[in-house]
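As written, the chains take the letters A, B, C and D, and residue 1 is the first residue of each chain.
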Amino acid sequence: MPPAYTNKEMMALAAGRLVDNGDILFAGTGLSMLAATVAKRIHAPAATVFFETGGIDPALAELPLAVADPRVMSGSCLNSGLLDAFSLLAHRRLRTISFLGAAQIDAYGNINTTCLGDYHRPRVRFPGSGGACDAMSQAFAVILFMQHDKQRFVEKLDYLTSPGWLSGGDSREKAGFQRGGPRAVVTNLGVMKFDETTRRMYLHQLYPGVSAQEVADNTGFEMDLTRASQAEPPSEAELKALREDVDPQRLILGPAAE
Amino acid sequence: MSEGNDPQGKFMSAEEAVRRFVKDGDLVTIGGFTVSRNPMALAREIIRQGRRDLHLAVHSHGQAMDLLVGAGCVRRIEVAYGGTGRFAPTCIRFRRAAQSGELEVEDYSNFQMGLRFLAGALNLPFMPCRSGLESDLLAKWGFSPELRQREGKLARHKAVVTENPFGDTGERVVLLPALTPDVALIHAQYVGDDGTVRIKGLTFLDLEQARAASRVIVSCEEIVPAAYLRQDPDQNSLPHFLIDAVVRAPYGAHPTACHYFYDYDPRHLNMYRREAGEDESFRGYLKRWVFDAPDQESYLAQVGTSDLIRIRANSQAGYAPGLDRR
Amino acid sequence: MSEGNDPQGKFMSAEEAVRRFVKDGDLVTIGGFTVSRNPMALAREIIRQGRRDLHLAVHSHGQAMDLLVGAGCVRRIEVAYGGTGRFAPTCIRFRRAAQSGELEVEDYSNFQMGLRFLAGALNLPFMPCRSGLESDLLAKWGFSPELRQREGKLARHKAVVTENPFGDTGERVVLLPALTPDVALIHAQYVGDDGTVRIKGLTFLDLEQARAASRVIVSCEEIVPAAYLRQDPDQNSLPHFLIDAVVRAPYGAHPTACHYFYDYDPRHLNMYRREAGEDESFRGYLKRWVFDAPDQESYLAQVGTSDLIRIRANSQAGYAPGLDRR
Amino acid sequence: MPPAYTNKEMMALAAGRLVDNGDILFAGTGLSMLAATVAKRIHAPAATVFFETGGIDPALAELPLAVADPRVMSGSCLNSGLLDAFSLLAHRRLRTISFLGAAQIDAYGNINTTCLGDYHRPRVRFPGSGGACDAMSQAFAVILFMQHDKQRFVEKLDYLTSPGWLSGGDSREKAGFQRGGPRAVVTNLGVMKFDETTRRMYLHQLYPGVSAQEVADNTGFEMDLTRASQAEPPSEAELKALREDVDPQRLILGPAAE
């Protein structure tokens, strides 16, 4: 019988699998921290993780709960500050991959982490850009985390915090961006990617036990479901690394599977 | 303060530093980042002294910002991020104040705020930036053009899109106005008895914020002889002649972390999240942790020895390994 | 190199580093400042390999710049200052090459060059600046508009004067084009066996230069275990993944100084000033100190033990107290 | 009989006397290094010296021969780099006083440290601006050192490296400078200052034994000589500090007085 696992575990591992050995990873808090650290411990030991706060390639002996956690300052290659970190994010030669979460996303991978409702009198206020707009504007590529539901996968964002593929096609390039844009969206249902030409989101992989219809039902815009394959379930080795090594206190993973 | 010499009268209590150097309506910036090195002892003193109409300019800010906003000291904020990681993905009082409209918010990104402080530090009027073209960070202004026209401290525009004059392609670039705060509040590990500042661990934007500000207040864990810091000037962070006030405040960043001294305090931060959730319980929090504790010494007595010992940093790691952070 | 691990093949001889990473016609920048931490071992290797048509972009430069110019490696230079303090108030070969017209010179100030490297490091297209309005630094262009149009590596304008769009007063501001060198040559005290760089003493513009460049070659006094440097990451200067080549070169900045390792060498610098004064004696200098000494080891044998010991740095001062510097 | 002294000694001391206790001094090489260090040892112990290289308030146990001399990195308050140093030079609140030398100066204190003759094919090439243009553009005030002769005090500069009072009057302010400008010119004959209104150079002090006519004979433009007073000769204490403490090897002072 295959091992039981939670949605969060599947998401962290699905995102981690998108990391290549040698990648330079710009990680945020929460799931992105898990994805980066689990990838580094399983298949990408030469990947380097750094944080917008200036912590470059720390030992990460314990899981940081924020990008300013003192755990990103220990055993590092370099302790610096925000401007140094962003100089690496934006470096012409480094292929920095960024992990980000969001409150809303549209069909072209533009995201909202600022508010719902009117900006001047928001119904719900979120934390804001932080480094998200910078990563979406300047990183080599971005991998996004989302809870998959219609309130979050929307036709039109309440606020466009961070530019993805804008209105698709070559609109991002025309707007003045030199590179980057979202590469994948990892949700609790599967992994989406973006068409090479139209830059519109499509379903790339379904997690075991999830149907394409479930994705459609939870997406507030039209999405191409025809290219989907099945994601590998988490392996014993992946789950062991994630649970015993990366987040033994389940600080980010939350409650264990039944 | 220590028994060191104080030729320029820089060493003083938090009460005196805030009274002399933070005025109602000031443009204030605070050092640290989310859960690390927030100048909490100074923030609590600002609340005690009832400062009003402050204009905060910060990047990713958490505990100090949320406390000042919750206590009603802040009228306007320029901000990139309000949160404390897992403890409060969005700062509780910041969220409520933004939603109720009592706080005027102007959003930027972290790189943008970093460049704006850097511009202030280098005495440049603006900085170019490649972040945010076509985003609502540029399109939606929290501070209206009319307000910007009326208020001398505000730049006329939130941002301006222009063309790079040095290339052939008409490449579009964002220009961002410099930030020159009236006062910067910084918490450091060490200050020399001449005022020289040494910060350990990440410096975030503290150095740019301090250099951009007209006045600088530094609270610190330890005051040490200047000669000790001058044995290795490579490790020092800010020169003495930029610092207006030095306040000795052990655990002055609590409940946020101070690398090599103490970790963040998960129990306090979780308790804060619960109490900040409702107006009445938040008033109870302020009473207990700010107003009824008139200085840092009585605040620490309120925290109690067992929590202070539990978060004490391990000398090798710089944080508290194995700390229960649930 | 040391016996450390070298998973990415970064550790190599000066010969290999220059052969692989410095090409004819490259836009090259060099770290250090006048008489300190010039990457001399790398400069000598560039001369040995006969690189031509280099375009140097430097701020205040002395020994390495003058040697490269004198040896005929450099066609163009963007520069703020060519001198080595009291030893040569104006660099000897630089002066001759500028006067003869064989070197094309574009002048900036040091702050301007610093901002241009900073722009490159932050991937910004330009930087504003308040230096030089109404000066000939802006009015007189060393590189003509036609040359700038023809050469892809040059910005279209030396500088542009514009107005600050954020104020009401039409305040004038200078815009300066970013510098993004093909290669940066840096001499550091320590490199970890993972490539992490630690510079002691003043960092000048080395960090901005390295971050602005497409490729980075670092020569160093010592290669040490990465774990040693990671015990105090606050003191480190550049991350391993920015570094393309690491060259172990003890006394690699001689005859300039390397803080905590050795002082500048007054005898050598005075001798250089004399020999650089005439073409023939300068050819003799190059023969003896560059071509007849095919690597750093033979160069140091040529310098000799007594001079190396005489300039050795005192551990407390970081230089050689009492050194005869006349 | 008063003590014998050299021109260089008189110049270093005359410039040093212009320093107030508590000033923040931005020093270059040569005479400016002497002036700053001698002032600090005699009447301005609380003055702070820093260098464009990033050396902030060093111990200066030995005299540096260049601003990048390792002697500016020892016992300092802070070792940083050029951008930090220039942020202090340009700081809105700090009243930084800069010392500079030059090859040519005009009647409004504009200076040339770049070249004689045509810029593209100079008759004599000098080192260039270094930080001089930055100090003249942005420091609170500048004190200049010059050898006093007609080739150096000229009607028109061959190259304007660093802006002084430009064409006089309010031309500096109109050009866009926020503050600063040259305060005094210290030469081997005396000390010049600038008229508060016209901003034209005038003779402020003559050294002992120098006549106003000598100044006129060595100046290539009209200079107001009517306001000149006599400078105090160096005191025993000043000479002792300079010779025994600041530059015992006479590295910058050069040959001693007969």
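Throughout what follows, contacts are C-beta pairs under 8 Å (C-beta built on N, C-alpha and C of every residue); 3 or more make two chains touch, one makes a residue touch a chain.
This is a predicted model, so every value here is computed, not measured.
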{"item": "Subunit A and subunit C: spacing of chain centres that average the CA atoms, whole Å", "value": "40"}
{"item": "Between subunit D and subunit C, distance of the C-alpha-averaged centres to the nearest whole Å", "value": "28"}
{"item": "Centre-to-centre distance between subunit C and subunit B (centres being mean Cα positions), rounded to whole Å", "value": "37"}
{"item": "Junction residues of subunit C, two or more chains touched", "value": "115, 122-123, 130, 171, 173, 201, 234"}
{"item": "Residues of subunit D whose C-beta touches two or more other chains", "value": "73-74, 79, 83, 86, 90, 138"}
{"item": "Graph class of chain-chain contacts, one of line, ring, star, complete, other", "value": "other"}
{"item": "All pairs of touching chains, each written as two labels joined by a dash", "value": "A-B, A-C, B-C, B-D, C-D"}
{"item": "List of subunit A residues in touch with subunit C within their complex", "value": "24, 46, 48, 50, 56-59, 73-79, 83-84, 86-88, 90-94, 138"}
{"item": "Residues of subunit C defined as touching subunit A within the complex", "value": "7, 121-123, 180, 192, 194, 196, 211, 214, 226, 229-230, 233-234, 236-242"}
{"item": "Residues of subunit A touching subunit B in the complex", "value": "29-30, 52-55, 61-62, 64-74, 79-83, 86, 89-90, 114-115, 119-134, 137-138, 159-163, 166, 175-178, 249, 251-252"}
{"item": "Complex interface listing, subunit B residues touching subunit A", "value": "32-37, 59-60, 62, 79-87, 89-91, 94-95, 98-99, 101, 105, 107-112, 114-115, 118, 130-137, 139-140, 142, 171-173, 201-208, 257, 259, 263-264, 313, 317-319, 321, 324-326"}
{"item": "Residue ranges of subunit C touching subunit B (in the complex, touch as defined)", "value": "115, 119, 122-130, 155-157, 160, 162, 164-168, 171, 173, 175, 177-178, 200-201, 234-235"}
